[in-house]
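Here come two complexes built around chain A, the first alongside chain B, the second alongside chain C.
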Partner chain A sequence: MPPSSEDDVAERVVVLPKPLHARPAGQLAQLAGRHKEATIQLVAGEKKANARGVLAVMAMGAVTGTEVTVTVTGPGAEAVADEAADILTAAEAADA
Partner chain B sequence: MTEGLGLVGIVLVSHSEALAEGAADLVRQIAGGATVVPAGGAPDGGLGTSPDKIEAAIEDADAGSGVVLIPDLGSAVLSARSVLADLAGETTAQLVDAPFVEGAVAAAVAAGTGADLPAVIAAAEEARDAAKF
Partner chain C sequence: MTAVAHRWTGQGVAPGAAVAGSWRADRPVPALTVHIGPDEVEAAFAAVAADLDRVAEQVRAQGRTAAADIVAVGALIAADPDLVDSAKQAAGTAQPLPAVRDAVEGYATVLDSLDDEALRQRAADVRQVGRRVVERLAYGGVGRDAPAERFVLVAAELGPADLIEHLGAGLVGAVAVRGGANSHAAIVARSVGLPLVMGVDAEVLDLPDATDLLVDADAGAVVAEPSAAEVASTEAASAREVERRDRLAAERGLPHVTADDQPFGLYANVSSDVEVRLALDSGAIGSGLVRTELQFLEADRWPTEADHRRALAPLLAEASGRPVTVRLLDFANDKIPPFLSPPAGLPVLLAHPEAVIAQVRAILDLGRDVGLRIMVPMVSDPSEMAPVRAAVEASAANLGTPVPPVGAMVETVSAVRQIDALCQVADFVSIGSNDLTSEVLDLDRVDPRARTELAAHPRVLSLIGKVVDAAVAAGLPPLTVCGDAGSHPTTLPLLVGAGVRSVSVAVARIDETRWRLRRLDTEQCRALFTDALRLGGAGDVAELVEERIEVVMP
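For the complex of A and B:
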């Protein structure tokens, strides 16, 4: 892996079609767990959380319509950012 | 990461069978893939704790990488301790001082990503300092 990959940064801005409740928070934490070399940071207004911390992500209390900025730093940042954005924007009826 | 072994298991020890099972359902939903085993209620299904249920749950949860026990209150701690004392040397299970729901969620998410026993314990303990909102 080229050394420059450590410096990869990718950003996605999404508007939540559903609240960022427990299940998507869990999926983000699992994503972070699969990409241990990458850091996934979420920002919604004044709230911030590292995706690794499932409780911190839930504590953001981001509701439907909230704009969330996902910043991924580290190897494979673009692909990880896409996956994170997919989780945040996936349609889902249940709020668990 | 664990190597060649299964995931760290989580046992939820509660005075209430329904609480332990409900919490396990919720945690599995969030954490996906983690092994979460409820050990709730007295032997007759009423409120209380059962060393036999706790011991059986530890066996069910143990995939070779260790087990974390999260108690709800009071005598759940005492019952879990007595089981661990009886199993001394035969189990890697450890009792963790963590909030029941948040600790279980944090521990199971960590376990589900292949974290080792110390990392899963740390995740559960950190939940005590996590604000709910």
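For the complex of A and C:
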């Protein structure tokens, strides 16, 4: 991989259309698992979580309407950030 | 060996009976002094995650998607790197097993403290994962697998996943010390036909595994080391019941049409996301009645919008894409919270417009993805519809949502008397058969279980017929009967005869109701209904139904 990609950073800000429950949290954890070289950090107000941990993400207790900032650091950051944002905003039917 | 039967009583929360060797799900692990290293902890978590993944896939392959999703969450939790890391650190202490358990409990406590009901429920999943990990460590990394043969599950407390993971395996019945009829485990048990008795003395936890245990949920009894005669009769009954349920369930997915090709609607009465999942798995189209008051029966004030959101969010998310009729708070009869005094009911709700708006806003905002309708309970006068409609229209404008149909639940004699006027101001009507029957026949002091059959009383039937005719004359959509009458062998043909083409029934009754409806002939039911109106009482009508209608059940 090109050396410059290690420093890739991408940020997305989304407003949750549904609470951040187990299903989207699980999808984020799986995304993080597929991109182990990248770090996916979520921030909602004072709560922060690394997306690799489903419990940390659920413990943010993010409800509908919460603004969540996704910051991805590492190779392929832009694409991973898009995918993370899609999971968070496609959370319409998501619940578990 | 001398068989000394030990008997306990409890609350049968899911009907049926079964007998098999006992297996305690949550047996306390022995105190260990052996060394447990971080690698063993990591391996135990990985094994538990793999176990749960495997169970989820098995359940999914059986077509029980909703149940599979519940179990899959457990697998994700067991794979959580933060959880595994803190448990690994705990393993280095002098008392590794309690330390690992405490580490897991820390995560459960965090979820417990959240406002969101659905997230709080995940705390139980975290604890279940922790229990499995600790058991694996305690028993040398092999886990405590459930018996391969038939067994009765025994536990202090049961979660839905405890039952789901053993379904289709050897699980034939369950016993719990704590819990009640509204627990998720009870709902799951009813929907899958698993006999379950709760509220049993804690002595039952001390039984050694593989003790012969008879669970008779119909009698609310648990018997250890039952007599051979008891075992034989229970086993025969249980085998028949399993076969019956399988045959009923085999018609899921078949067209919803009567014997003479008239389409019918089949919906479920629900009050939780778990019930929605199970209802959809059973082939219900959606929910004809979402009961919203059950979570607030201990409330000390009117629920706020946030309270309603917490209660409704998981349920409405689960019902995404489906038709859902949400009933406003029905604090009446036996469902009156401490902050209200009888008779409460709709007048008291309408006297608190802010309470109506709080609930309507939550319903509209969270109900964007469902085919939403809002239903007003216990309507006794057409004038009661206007304030609700005004609240719905104002809130919808405010939130930018469409205005859903606003309808009336017809369950008082007064509403039936004014049914034509009511149909002019309601977008749909549904019939609440239980309350209507008890008012018509003055059954307040009668055992509630008797009410369903009494809906066959000619005085009740004539009122139901009147409501159906009025709804048709007013051009309203087909009305739904929400109540036990919709799933009862005597009353269902009569409802069809009255012109009812849509019922909303308890989740556990969906398969059976579909079976019956697919075998009824609407013309024959019509003639039955007409003749039944001329009879004197519910008993005479029941005899007539038995004589005329033969639906062969499996």
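Definition applied: the second predicted complex is superposed on the first by the 94 of 96 C-alpha atoms of A that agree within 3 Å, B and C clash if a C-alpha of one lies under 4 Å from a C-alpha of the other, contacts with A are read in each partner's own complex, and residues count from 1 in each chain.
Criterion: a contact is a pair of C-beta atoms (placed from the backbone, for glycine too) under 8 Å apart; a residue touches a chain by one contact, two chains touch by 3 or more.
All values reported here derive from a predicted model rather than from experimental measurement.
Looking at the shared chain after the overlay, A:A90 reaches neither chain B nor chain C. Look at A:R23: by the touch rule set out above, it reaches both chain B and chain C. In the superposition on chain A, A:A59 makes contact with both chain B and chain C. Taking chain B and chain C in turn and counting the residues of chain A each one touches, the greater count comes from C. In the overlay built on the shared chain, the residue A:V9 is in contact with neither chain B nor chain C. Of the two partner chains, chain B is the only one touched by A:R34; chain C is not.
Residues common to the contacts of chain A with chain B and with chain C across the two structures: 22-23, 25-26, 29, 53-56, 59, 61, 96.
Taken in their complex, chain A has these residues touching chain C: 18-19, 21-23, 25-26, 29, 50, 52-56, 58-59, 61, 63-64, 92-96. Considering their complex, residues 69-70, 72-73, 76-77, 79-83, 107, 110-111, 114-116, 118-119, 122, 126, 273, 309, 313-314, 317-318, 320-321, 365-366, 369 of chain C touch chain A.
Considering their complex, residues 26, 29-33, 102, 105-106, 109-110, 112-115, 126-127, 130-133 of chain B touch chain A.
Residues 22-23, 25-27, 29-30, 32-34, 53-56, 59, 61, 96 of chain A touch chain B in their complex.
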